[in-house]
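What follows is a single structure, and I will ask about it in a moment.
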Amino acid sequence: MTNTPYGSPTFAGWRDAASSEWQAFTQHAFVQQLGDGTLPREAFLHYLVQDYVFLIHFSRAWALAVVKSESLAEMKTAAGTVDALVNHEMQLHIKICTEAGLSEEQLYTAEEDIENLAYTRYVMDAGLSGDFLDLIAALAPCVFGYGEIGPALKQSAVPSTPYQDWIDMYSGAEYQEVCHAVGAMIEGAMCARIGDTPQNSPRWNTLCERFRIATRLEIGFWDMGLRGALRAETP
Amino acid sequence: MTNTPYGSPTFAGWRDAASSEWQAFTQHAFVQQLGDGTLPREAFLHYLVQDYVFLIHFSRAWALAVVKSESLAEMKTAAGTVDALVNHEMQLHIKICTEAGLSEEQLYTAEEDIENLAYTRYVMDAGLSGDFLDLIAALAPCVFGYGEIGPALKQSAVPSTPYQDWIDMYSGAEYQEVCHAVGAMIEGAMCARIGDTPQNSPRWNTLCERFRIATRLEIGFWDMGLRGALRAETP
Amino acid sequence: MTNTPYGSPTFAGWRDAASSEWQAFTQHAFVQQLGDGTLPREAFLHYLVQDYVFLIHFSRAWALAVVKSESLAEMKTAAGTVDALVNHEMQLHIKICTEAGLSEEQLYTAEEDIENLAYTRYVMDAGLSGDFLDLIAALAPCVFGYGEIGPALKQSAVPSTPYQDWIDMYSGAEYQEVCHAVGAMIEGAMCARIGDTPQNSPRWNTLCERFRIATRLEIGFWDMGLRGALRAETP
Amino acid sequence: MTNTPYGSPTFAGWRDAASSEWQAFTQHAFVQQLGDGTLPREAFLHYLVQDYVFLIHFSRAWALAVVKSESLAEMKTAAGTVDALVNHEMQLHIKICTEAGLSEEQLYTAEEDIENLAYTRYVMDAGLSGDFLDLIAALAPCVFGYGEIGPALKQSAVPSTPYQDWIDMYSGAEYQEVCHAVGAMIEGAMCARIGDTPQNSPRWNTLCERFRIATRLEIGFWDMGLRGALRAETP
């Protein structure tokens, strides 16, 4: 791990300030089971349906970042991310779910679990109540967490895992480029609003806290995924 | 139960459309234990701390209703409710918590449970994504639910329950008046936007769904309260 | 003129309800001078700089429409329009302005005239205070007005007008397709929220009023453009 | 003039950074004519009607400040200001307008002039796009400007001016206390987000710019008032 993952010392700082949550998120049992192939299909499908709805609201949150941009560069990165989410990342979900017999309309109208509601609406409200940085700090754990998990699984996963498509997407060049673009955008946004030594600003703690809470909600999201298998087992 | 509880046929309709959730919310074990006095003190205090933070965000949501008002009457009712929340309802929480050794600053900065995050941020986002009615439909279950629970407990509670203050507040004239004011506001708001037969409008189902989800989140809130006792028991 | 311009009876109804403003907007002296080539260069450049800033905020408003979408179709159309604005329509402005010696950074930071502030911020607040329809009704005059003005000038303009590029863009297939996509989106959005006879709903007048005010602000925008020439003449 | 008007060095700094606009605002012809009594009644009434609608949106903006508060103190001051506006400041407008034969409903639905739209919607969007400080910087010129104008006119006005009620309100203890409360709130908010030397932060210039634009829009508001007399003269 470098000091400037995705070119962003800010992300490195936020991650350090939430290190126990970060570890619980990126090394969660759900993640390990994706890699060793033991994740029950029901858990994965439950996760995928919820994650589709998550991505709808995540796209809304990135669109809110366009609303809150204060420079051309911010606006273009945020608008590009909306496009990447709607037209790329969500397509894998649709493809896999369609194969499992779920239509996109069914995905769109799926009942959201409480962990899902909590996470996405927390991010939206971070944007409504704060500024661009508050919103981005709440968006960052998902972007960068999946950016770390993808390549880690790419290395460690057993060849027989049925979740190779998922691993390939998040370890792939396209997704990793999004992470780098977001990393660069964060550095620019911090510099334009807080200056060169953000850790000395009173806002540093507030932003760390936003990042920490969103990371906590990522853990809940994996918990929710695992619960999907239990449900399916209930007669 | 009348057809126009708090003068609002709309509320009656929404409640009917979510009847199983409404029952689970208003007759929850937490509520019954408030009345028969068996609710563990730890559960009540845990609830009270979370509810204080809830009321902060509930006040923010009513302030958002001021932002989204389209008539003088809506604006005055919403602004009055913000005032009632900040300067009245929250004071009981502060008083009881202070007696238990918790300062208002500690309340304000308490770590929010996931059920709390989910509920309050869902309401805020209903306001950001929809109009005044979307926001109000998400605010209604809390207002009217406590309005029903208070008087019901007032009748059924055992004299020895240590939670008489809480019961008195929500069954009291002041709180019941807030419910009537909100009921009247909802009727006016529905009429001004949807007309005389709201149940024939496509928006009716959307608003019922908002009300249902918020009611579901109320159930989660009581669950969270009961869990407070379990935590306290853990060594 | 058909009854369903751009496939949208709703737009036709809104336009009829604001017919005098609509005529003053679409047949404004600024428009006529674009066609007969008499528009002073200074007026056009002043307009173009202000319109660039306008498009920044117009993109923000369409991003807010993504935030406020309630269906996949709405989300995709709104996200596609943000992309069309940022990556297509704004490019002509940048190209012409660059030729005139103005950098994109200068455009981005240009001081906004009061007519520009009034228009764009009115649209943003329509989105914050209302729902998706309120926002769209405030966005519609610009989209469809330019959609009508472009082809009208394409027919009537003198061959020697120096503003052929501008006319070509708004009469071109790409822009006209955006208009049709927005028209279809509006019909779907109205049907999903108000039903089959929107003119009978109390919301009809509110939406007509949003459309009328935004059209009035379009007239102010052309006035501002013409004033640009007067300024340049002042020694 | 002191260095800490209303206990706020921040306001002093913002005012200095916009000194020419501030002077044009606080010493505008409209203000002078309020004091020497030469302001045409038509101009005052036109201003008063527009200012009533302004206060509606100003109240919405202060309610948005409640939504964006990050401390109890901020929340209470913002909520208190909403109350002061709706239940106190607007009453004088209603009283005078009623005497002139205008009902509150007529005030509420008055057609807004473009200067009015520009100002109020700019403030709302400052809140949507930025954080609490962005919103407050856009709200500050009105609060403090009237706070300065009132006492200045109290000293200089001729005894025969028919605008003594207006002067008394803004020079009165109640309004001046609001200014002090807002001044204290600003100092706390700056300290909590930017720290002890805000002028060294990159945000300082952004906030100065917000304050400057809102001050520019105050000038436009007085211009609009004077125009009210011209209209009345037109046969």
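Going in written order, the chains are labelled A, B, C and D, and every chain counts its residues from 1.
Rule of thumb we're sticking to: contacts are C-beta pairs under 8 Å (C-beta built on N, C-alpha and C of every residue); 3 or more make two chains touch, one makes a residue touch a chain.
Since the structure is predicted, the reported quantities are computational estimates derived from the model, not experimental observations.
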Examine where the copies subunit A and subunit B touch and state whether the two sides share over half of their residue numbers (same) or under half (different). same
Averaging each chain's C-alpha atoms to get its centre, pick out the one most distant from subunit C. B
Subunit A to subunit C, mean C-alpha position gap in Å, rounds to 35
Cα centroid separation between subunit A and subunit B, in whole Å? 31
Separation of mean Cα positions, subunit C and subunit B [Å, integer]: 42
Could you tell me which residues belong to subunit D and also touch two or more other chains? 60, 67, 124, 128-129
Interface with subunit D, subunit B side, in the complex: residues 56, 59-60, 63-64, 66-67, 69, 71-72, 75-76, 78-79, 82-83, 86, 104-105, 108, 124
Show me the residue ranges of subunit C that touch subunit D in the complex, using the header's touch definition. 60, 114-115, 117-118, 120-122, 124-125, 128-129, 213, 217, 220
Note: in the complex, subunit A contacts subunit D through residues 67-68, 70, 128-132, 134, 191-195, 200-203, 206
